[in-house]
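Residue numbering begins at 1 within each chain, and the chains themselves are lettered A, B, C and D in the order written.
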Amino acid sequence: MSGSTLGELFRVTNFGESHGPAIGCVIDGCPPGMLLSEADIQPELDRRRPGTSRHVTQRNEADAVEILSGVYEGRTTGTPICLLIRNTDQRSKDYGNIAQTFRPGHADYTYWHKYGIRDPRGGGRSSARLTAPTVAAGAVARKWLAEQHGVSLRGCMTAIGEIDIPRDDWTQVDQNPFFAATASKTAELEAYMDALRKSGDSVGARLYVEASGVPVGLGEPLYDRLDADIAHAMMGLNAVKGVEVGAGFDSVRQRGSEHGDELTPEGFASNHAGGVLGGISTGQDITVNLAIKPTSSIRTPRRSIDLAGTPATVETFGRHDPCVGIRTTPIAEALLALVLIDHVMRHRAQCGDVHVATPDIARG
Amino acid sequence: MSGSTLGELFRVTNFGESHGPAIGCVIDGCPPGMLLSEADIQPELDRRRPGTSRHVTQRNEADAVEILSGVYEGRTTGTPICLLIRNTDQRSKDYGNIAQTFRPGHADYTYWHKYGIRDPRGGGRSSARLTAPTVAAGAVARKWLAEQHGVSLRGCMTAIGEIDIPRDDWTQVDQNPFFAATASKTAELEAYMDALRKSGDSVGARLYVEASGVPVGLGEPLYDRLDADIAHAMMGLNAVKGVEVGAGFDSVRQRGSEHGDELTPEGFASNHAGGVLGGISTGQDITVNLAIKPTSSIRTPRRSIDLAGTPATVETFGRHDPCVGIRTTPIAEALLALVLIDHVMRHRAQCGDVHVATPDIARG
Amino acid sequence: MSGSTLGELFRVTNFGESHGPAIGCVIDGCPPGMLLSEADIQPELDRRRPGTSRHVTQRNEADAVEILSGVYEGRTTGTPICLLIRNTDQRSKDYGNIAQTFRPGHADYTYWHKYGIRDPRGGGRSSARLTAPTVAAGAVARKWLAEQHGVSLRGCMTAIGEIDIPRDDWTQVDQNPFFAATASKTAELEAYMDALRKSGDSVGARLYVEASGVPVGLGEPLYDRLDADIAHAMMGLNAVKGVEVGAGFDSVRQRGSEHGDELTPEGFASNHAGGVLGGISTGQDITVNLAIKPTSSIRTPRRSIDLAGTPATVETFGRHDPCVGIRTTPIAEALLALVLIDHVMRHRAQCGDVHVATPDIARG
Amino acid sequence: MSGSTLGELFRVTNFGESHGPAIGCVIDGCPPGMLLSEADIQPELDRRRPGTSRHVTQRNEADAVEILSGVYEGRTTGTPICLLIRNTDQRSKDYGNIAQTFRPGHADYTYWHKYGIRDPRGGGRSSARLTAPTVAAGAVARKWLAEQHGVSLRGCMTAIGEIDIPRDDWTQVDQNPFFAATASKTAELEAYMDALRKSGDSVGARLYVEASGVPVGLGEPLYDRLDADIAHAMMGLNAVKGVEVGAGFDSVRQRGSEHGDELTPEGFASNHAGGVLGGISTGQDITVNLAIKPTSSIRTPRRSIDLAGTPATVETFGRHDPCVGIRTTPIAEALLALVLIDHVMRHRAQCGDVHVATPDIARG
């Protein structure tokens, strides 16, 4: 059980290494009858793709997805959907020198100790490249969620390093290279990132993701709560070190009289819960914040050891993202979609079809 | 799949409601041959137990655990261990009035919409009481982890509301009613909590948990990363709204040259990673922070609606914790133990026995 | 993962040993809103109960089931249902002498080598007594299947040793101690069993189980086919050595022109498939045959070895069933119900609500 | 959860359709460090391949397997192994006429009713072609079982239609087109099959598979017994209608004094158990018999209905196996290997490393 499957009913099994022949995933459990083609998936992959601006890694891959199974005459058949992405731009020479040392902040050390063997080419399995199949699967999930239940998802950067990024205009997110939901920060961030890249260092980021139109009743009371599964998916994403739902760490200082969202006949009066109460969706927006650590591969020399335990200095010269968080927004959206579709299906299994709640209409 | 099972190989299935006949769990997959009796479990339950100070709910239950299966002549047999805790102090009259309205911040609304039925007695399944079986199972896990691998776990409060609590003396944790790892704050916290209780309101909290002596190599590269499973377990705990591993949200402002922990022949020079790189344990301490929301059941009147959608005012008079975070420390420790034992077993299955790494000794 | 859970969505986790304090199970995932009380479960347990005739073990247990959770005001809440059966008649002295030797045909040898420890009291975990919780869970499943989808299940003995038992009158099944669906064999079987018991030996049996009113479309194309999951459930039952669906081993000699069930506007013209094509239910009756081995515990002396490998003679004097197959009918029915409910829920999750097919009405 | 994953710890997820672009599987959980290349897998695929004699379907595919991931410098890395087989000989015109009717004995009817859509090209997902990825995954499993534990597997046909095939010379299995473990029947079977093909009909078969050198202690007491998981895997194989372990249906007429295998200091005196007692392996040979139904696609005209429920006559002219059982032997071996490796890993997780038992050496 090497843990490469996400979801219980809409199951995504991810495979591949950064510099192997291909990466991809198998989606098992997709509902039948949905129109689906590569054109539904490719745009999401393109949002995540490297090489789109000077602020992200210059690795240049088309990341063209191929549907190998599970679709007949343009519709899903209910059988497994294999999505394949061939690796095309593998400059393995860039990584040759790192096979003998452990890069600080990297998975080199843990893979070596876990497996006794590791694929050092481009980070192998630990590469952020492996998020591409997740995004592809997420595209299938969000199409179904949108068509069947009107669920929509979006995300944006809310901080890069010291710079907080306001969230004042969602239409801007795709108009700048930072997934910033504002027009006010582009120049500042460009300059900040240019200076950072020049310094050979990297920086962390904070992200916000939300889902709207979520049916009420998704999630299980104990252990597999909706927020627990969101946390699992998000913390399972490369470089994520923190996850908040709703008010998150601000809850620590809140009073119960402030935090607990009041209900009125028109709906909830606030959303400190982030759309989840008792592990189950309320129908309000699901709101999630993520903390993303700075990229570990930097040009600044750092102390480490080699396989024999001898001190060594590590410097990484390959193509890298100075802020790995920049390309993370579409991945986080995909993960949220994957958790939601899984819980819609779990709900259907046990309780019958999902529904959208309005607070003034009691069930039954 | 109502999601009441935690773990893949050391599987804990939780059952029960706050005011039903009993609560408990079944542990399936426990390694055979370990000495185990109720005396190994009861102390952990007693740490979590209500009624131990005036700062927690005055519900008074012995929470006496009974081992129903899986142990023969004092040793685990490898077959399922059922742990049963009878409910004894169920004042259901306290809760009678809440069956018709949805308490703000509570799971009433979501249960009702999910299932079309809910057990309102003491919060039913959503009660924090259901963490008792988790603690009981965790006691089994931590005994095995300690005996087999020398793993130890501990946790403490690091903030209650606005009051930050330093972590300067671990021996103090069990010497005050707040699980504070300091002698310096007891009086201040006592006064703070007395005032809070008098005001009829509640407050949030922040918690820190750590595991030491953790073998290297636990966790899977993708999706079921060790930190992902920790996040799942912790966010699945009642009232938790945020989870951090290692530097957590502080990573946002860090530079890669600061965050990435350097290695020396003597070991890692820092631990911003919180003991997890690429989803796999490094052998360093696993460090986790939790944000816990304020208790939803408060005496302050709040706006809500009833089952028919009519406005209603809700006030809760039953016995409650003004800061549900206070009793959460032993639960968070238990959850961390459960995640760790599961990953030790997963590692054994795929890669053979686990080991403790020293950075200067390469594997193989 | 000690494998004590049956089902993916309607999950039954079984616990207990023959002579421990209690046996039972937790059902996780039961649909909410169904009327349920002990009175719905007890009759099925009574059908399986020992001590009901001189032809089965004289162990005398009430096998009274207690619902510990998951039911509120007489209805299932959707949360885990714990069913508990206290062990009351444990004559452990009967079994004291077998702790040091391995009984031929028994699990003694394999438990010892697997776990390094075993509970010898009454066979411990390997006792047929552990089928009681399965029957209890099956009673919940069949109630739901009957109420929601009109599915009914029944079974009978079709052979005891050399005696084939015709299936000519289903109303007789509960009128004789052999679950024989005929009035024609009772005297012969009584005499046969009396002689067998006197001889100190035991004998095998063959069983037939069927489900009617099964929705079309249950089961998955590959691996988790409906017939595969039936085979898993049935072969997982104590003493079962063979499972057939539909024509079973008779298929070997059949021609395709005979075996393949023709379709007419009125329905299928035959049912060699046993209600499953391509792993998916056709809506016809599901038909299953089981081979059950003779009871291993017999009074006839047999060669064995003790824990040190020294030759030993084993003779079992405790209370036993001379034909363990006799009490197996209600268990096999329960297992079939559990597999069906699980696949109904899986179908709902992926494809929406199930339906009954008539061959002349195409879907859509 | 469309059920396309086999195994809990050595997980094989199968994808593809008969006439889609490709078929394949992802193996998640393979132990790291094993030498592996396509050359280890291809021979097993070649054994199963169509077109190898006039007695099997004339579809001619190279079935060349490509390893897309999980192997680095010739060794498994512990990460998912994707095995891809491109479809090359897809004469879809052969199947065009069957999209509107349901072929008797085929999955057409059930797929249509389950999913509301089906891929009729070559049987789509229900094609026996989908056993190729299973065989490929099985090749990986058996290599590991052989290298790590000395386990070997073999199988043979024991009946085709009315012709029983003795098992007197295992070296013959690969010397005739029928996987017959005898030199005595080749001519008779050739004539039988030629006549059958000429008649336009098909016939069933019986198969025997065994594993030797199996460690003791594999399997779980309840539900996930070793024999239960074998039955699940085997009954999940296309066209299988019956599964026996050990004495199987012969157990019905056996006495306990005959069936229960006696133990001596030199080992078990017989093997009616088929290597499994109480669901757990004894270390003896695992022995399994399978009943395989006659191929459903035959040239004999048969009654059916079309999508509108109107009577129709169905005749199949494409390339087919007149006895689908002929090519089933390597698949059944592969499935047995997959079940065994999974239980070896489960045993390692809970109980530590597996071992081979000799009856005279008690554990500990």
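Basically, a contact is a pair of C-beta atoms (placed from the backbone, for glycine too) under 8 Å apart; a residue touches a chain by one contact, two chains touch by 3 or more.
On a predicted model such as this, the values are computed, not experimentally measured, just so you know.
Trainee: Given the touch definition stated above, what is the smallest step count connecting chain B to chain D?
Mentor: 1
Trainee: By mean C-alpha position, what chain is farthest away from chain A?
Mentor: It is C whose centre lies farthest from that of chain A.
Trainee: Of the chain pairs A-C and C-D, which one is connected by the greater count of C-beta contacts?
Mentor: C-D
Trainee: Compute the distance, rounded to whole Å, between the mean C-alpha positions of chain C and chain D.
Mentor: Going by mean C-alpha positions, chain C sits 26 Å from chain D.
Trainee: Using CA atom averages as chain centres, what separation in Å is found between chain A and chain D?
Mentor: Centres of chain A and chain D (C-alpha means) sit 38 Å apart.
Trainee: Could you grab the centroid distance between chain A and chain C? Build each centroid from C-alpha atoms only and quote it in angstrom.
Mentor: So the centre of chain A lies 45 Å away from the centre of chain C.
Trainee: Would you please write down the residue numbers of chain A that are in contact with two or more other chains?
Mentor: If we look for residues of chain A contacting two or more partner chains, we find 1-5, 8-9, 14, 29-30, 32, 78-79, 114-116, 125, 221, 346, 349-351.
Trainee: Quick check of your reading of the touch definition: is the inter-chain graph here a line, ring, star, complete or other?
Mentor: Per interface graph, the chains form a complete graph.
Trainee: For chain D, which residues count as touching chain B in their complex?
Mentor: 9, 29-32, 78-79, 221, 345-346, 348-353
Trainee: Please output the residues of chain B touching chain C within their complex, sorted ascending.
Mentor: Chain B residues touching chain C: 1-5, 8-9, 11, 13-17, 20-24, 26, 28-30, 32-33, 66, 68-70, 72, 75, 77-82, 84, 114-119, 121, 124-125.
Trainee: Name, in rising order, each residue of chain D that touches chain C in their complex.
Mentor: So the residues of chain D touching chain C come out as 1-6, 8-9, 14, 102-107, 109-116, 125-126, 130, 159, 161-162, 201-206, 216-225, 227-236, 238, 240-265, 269, 272-274, 276-283, 291-298, 300, 302-305, 307-311, 346-347, 349-351, 355, 357, 359-364.
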